[in-house]
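Next come two complexes, and both contain chain A; in the first it sits with chain B, in the second with chain C.
And then the complex of A and B:
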């Protein structure tokens, strides 16, 4: 599949004009077109904004819930199940359910109005300025459990000795959390952020089901634009080149994340290397 | 007396012999000429033998077509063994994927006829003329509606759903004496059926009352559908998207005027409507929350179904408003998607699929699924539907009359290879302007730029050939007879 896509990236093929193996070799022309395509540029920015916002949201809530669940308590299993349920819901179902809930005169606005005492009538589904935020919030609801599970595992794998040592030395809860637990969790945090970010960059079902790239072009992210290019416009060659450029972008992000993770691991190893005995 | 060459006795004997011979079906053509269209299709299809076909069709459409399919199966052994149930809005992409792979998997596709140039150019479609000739079947559509299934002189599909935009206007509001007086006082003219787009907008404005949850416009303005409305308005202003050299001609008086009509309706539309498709808008129309609209004719069946609609009997149906062009008022409707059966050229069962398509296009088969009150997706298109009791009961006599008139002035969407791309570029820019992302004067400029690139990519020569069909299938009359 990747090889075929690579072939199409270098050959201008129009389905209307002949068979795929008769496509004309055009070198880097298609890639030049992709890099000069401002619509693709905007799609990248939207994808980065969407992925960044939803990753931070998923992380903050997921981390918070994992922190609350770090020590065993009665009924913990039930909470665990409740917290991971959103991740088990099919994205299309989330989109259509979200659509029903988010109408201007729908239950969400109504609930907020009742709680706040004001007239809360946000146009979640038709205001282009907040359309991306709308799908971001649904994404956060859908994928917070993913970060939650990783962070629960992270908290469970923390060594006890540094925490006990800090307690014995009289450190406050906040200092133990911020200066002991968080540094120890940094590799897990980076892993959770990286994986979540990569997945969010590829999000398609919710955006397409709710907005099809609209209103206007407010939610035209990379996957939406590639889908339109390949399957609405049948520009298979350009779609292949767009996919390759998007893949390169992900690879750069992953390489950066791996580098950061290695740096974090090295820092942790140095923190816990046995001190050299004095003379 | 001269003896006759043939005696009276011989003459009578000969006459008797000829009479007997004429009752014997030696001559198949003679037999066929005496048979109806269904019998002729069966006669042509029978020789193929028993076979199960596979189709790509939305179940909403397929369910009411099943009884007639079973009838065809009983008569010929040809039936549908299985379908891939996909929304008609997604089938174009799936059909194109089949074209890419030259797949024989599906024998027929039930898809928007606007895709005919693209799919025929991709080599996927089987022309139906030879099968229609063999079975002496013709698409007996109202006016010249059958032309919307042709491309480069051949027929490529059989319609099942004559989707065409009708005018919808609230009768109860229009006939209210108090409203009539207030309207006359305000505008200095009587409140009556809108002849022009300005009349239509005036009526929407007059009755628009958000506080009472009554919205002037029930038209779609989302990215996927708004382009259909724009094109209808554009055509009525005498516009056509390309000149003979395939240069885009959107940014013209007709294009700009149509854009004005398109965008001004935001003032009388629900603020959430930029994101609405048919699932959101249809209940609002049937539920009495809108004043006027140009909308697909299938909604007439829903509106007039008292069990499902709050507005049964409360609508006036007619032709969409027109525009004055060169001293003549032109009215146009649009048929998109025109759901039709297209046959896969790569299928080994294409002949069987073609005859099944013809069967579904007969009056006997089509009036059943068009007149279905439960599965209301198929709309009237056949001449016979206009006087069919079943269909009249579904649409009401007035509704069906409006449909008949709109079919006479129905235009295609952008009927060219690359249809989806041309439509989406225009739809995207219209949507961006409607929600305020770009200025109105950018819409047509940007669309023309993008269209120019599409034309270059597909090929000017090829599209100039397509253009001949596109122009040929446009209605020639200014308003229905």
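And then the complex of A and C:
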């Protein structure tokens, strides 16, 4: 698979040119083209911004909700079920429902208008400067449940003794939060952030279904750009070279993530073993 | 403020915040369901129509019984298309998931008991999932076209099997790890043959875990879009791809019908997800988080 990818990167071929093994050898030309392609550079930046922004959004909301639900209260199970629903909704369905909600005379603008009293017509879907924000909001809506369930599990597995000890020593809940709970939750937090970031880097269905990379190139992330190049412009060789570069980039990121996860998993395993051996 | 007053304020704030988020979560889902019951003139009404009136089943009938043929720019969405897509989705999701669970269980048992994969190899397995599929799908589609797997159920089953294998192995391993080794040793000392120990001792203990893994992976394969779009879009269409064909029909946007189909795609997943809600965190974290 990788070899074929490489083959295409070195050979000029597009769908119109007959059989692929007859393609002309062009050496590094396509890679040169890719590295000089500012559109690809922007796609990488956009992907990183999209993944970073939505990860932070998902995390803050998910963490906050999990924090509020760390102790049992009436109706907790119901809230839990409600909160995981977006995660269970098919991304492509979210895209189309998002369109129904966000088009210019849709219910979201209608509600903003009613609440504010003005006549709001935010062009969520056609204004290039907010399109990326729109998909980020959808991504956050879609995947906040992910960080939420992971953090709920994290809070549930926190040992009690350190918390009680801190309370007996008279620490404020603010200090208990920052100096006891957060450090104990660190492996869980890293895990949630890393996995979410990686998934967001690969996000395709929502951006594609809603924007196809547009308006202009406002939502052209790495996957969208590769898809456009290969399947809309039929520049298979360039698409392959783009894929190759993107894959190298992702491998670097994933290897980093795996290092981090291996480290944190050890901490997690200790966390799950400790209560048992301690009785 | 006394302590109990403080607690009460905290409770009110908590309920307020949680309810706000619950509304944010519920509204789009409500809107999808409501739109699916709206007559066509209310799909785009301004100001928006919040409660469909009159309620109509037309959208469901149009979509699922093909009462009305909808001509699109590229495709004809004809009578049984959604049912065909539903059938394909079922076939593909169930086959790929079963394969992944059976194969994953075998690997997971080996890793848990005999360390057939080192710690590092286990993490390398995760790369199958973590590298975005878009970067390998172009050559994959060429291989598939040479092998005749393009636009076939087998092709999609194979790739879904591969991409869900890391989840299967990791998740099932976390369940097997929880079965004490002593149970197996005891059975062996009592003279039970290896296969009986596996079938009658270990399997029942991890059965609920296997079911949870199965349903979890089913959710992922059911909703996959990118690979389905590229590797099969004319013959073997899955539900998510079928839905995307409603975009850009010749009569403009058909929100009501899209919504009716969306409800059909989503409801099974929501039911499954609620059934395995206790295991979702374990699934998404590759078994690294347990409850």
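Here is the rule we use: the second predicted complex is superposed on the first by the 232 of 279 C-alpha atoms of A that agree within 3 Å, B and C clash if a C-alpha of one lies under 4 Å from a C-alpha of the other, contacts with A are read in each partner's own complex, and residues count from 1 in each chain.
One rule holds in what follows: a residue touches a chain if its C-beta (ideal position, glycine included) is under 8 Å from a C-beta of that chain, and two chains touch if they have at least 3 such contacts.
Bear in mind that the values here come from a model prediction, so they are computed numbers and not experimental data.
Novice: In the superposed arrangement, which partner chain does A:154 touch: chain B (first), chain C (second), both, or neither?
Specialist: The second partner, chain C, only.
Novice: Is A:252 touching the first partner chain B, the second partner chain C, both, or neither of them?
Specialist: neither
Novice: Looking at the overlay, does A:182 come into contact with chain B only (first), chain C only (second), both, or neither?
Specialist: neither
Novice: So, A:222: does it touch chain B (first), chain C (second), both, or neither?
Specialist: A:222 sits against chain C, while chain B stays out of touch.
Novice: Going by the contact rule stated at the top, is it chain B or chain C that touches a larger number of residues on chain A?
Specialist: C
Novice: Once the structures are superposed on A, label A:28 by its partner contacts, choosing first (chain B), second (chain C), both or neither.
Specialist: neither
Novice: Using the superposition on chain A described above, determine whether A:267 touches chain B (first), chain C (second), both, or neither.
Specialist: neither
Novice: Between chain B (first) and chain C (second), which does A:126 come into contact with in this model arrangement: first, second, both, or neither?
Specialist: So A:126 only meets chain B here.
Novice: Please work out whether A:231 is in contact with chain B alone, chain C alone, both, or neither, and reply first, second, both or neither.
Specialist: Once the two structures are laid over each other on A, A:231 reaches both partners.
Novice: Which residues of chain A are in contact with chain B in one complex and with chain C in the other?
Specialist: Residues 20, 103, 231, 236, which sit in both footprints.
Novice: Using the touch definition from the top, list the residues of chain C that touch chain A in their complex.
Specialist: The contact residues of chain C facing chain A are 11, 14, 17-18, 21-22, 24-29, 31-32, 35, 43-44, 46-48, 50, 119-120, 123-124, 126-127, 130-136, 138-140, 142-143, 219, 222-223, 225-226, 230, 239-240, 243-244, 246-247, 255, 258-259, 262, 265-266, 269-270, 272-274, 277, 280-282, 284-286, 288-291.
Novice: Please give the residue numbers of chain B that touch chain A in the complex, ascending.
Specialist: Within the complex, chain B contacts chain A at residues 93, 96-97, 99-100, 118, 121-122, 222-224, 271-275, 417-418, 420-421, 424, 428, 431-438, 454, 457-459, 462.
Novice: Quick check on the complex: what are the chain A residues that touch chain B?
Specialist: Interface residues on chain A, with respect to chain B: 14-17, 20, 103-104, 123, 125-128, 211-218, 228, 231-236.
Novice: Considering the complex alone, what residue numbers of chain A touch chain C?
Specialist: 1-2, 4-5, 8, 20, 61, 64-65, 68-69, 73, 79-94, 96-98, 100-101, 103, 105-107, 110-111, 114, 141, 146, 149-150, 152-154, 156-157, 188, 191-192, 195, 198, 201-202, 204-205, 208-209, 222-223, 226-227, 230-231, 236, 239-240, 243-244, 246-247, 250-251, 254, 257-258, 261-262, 265, 268, 272
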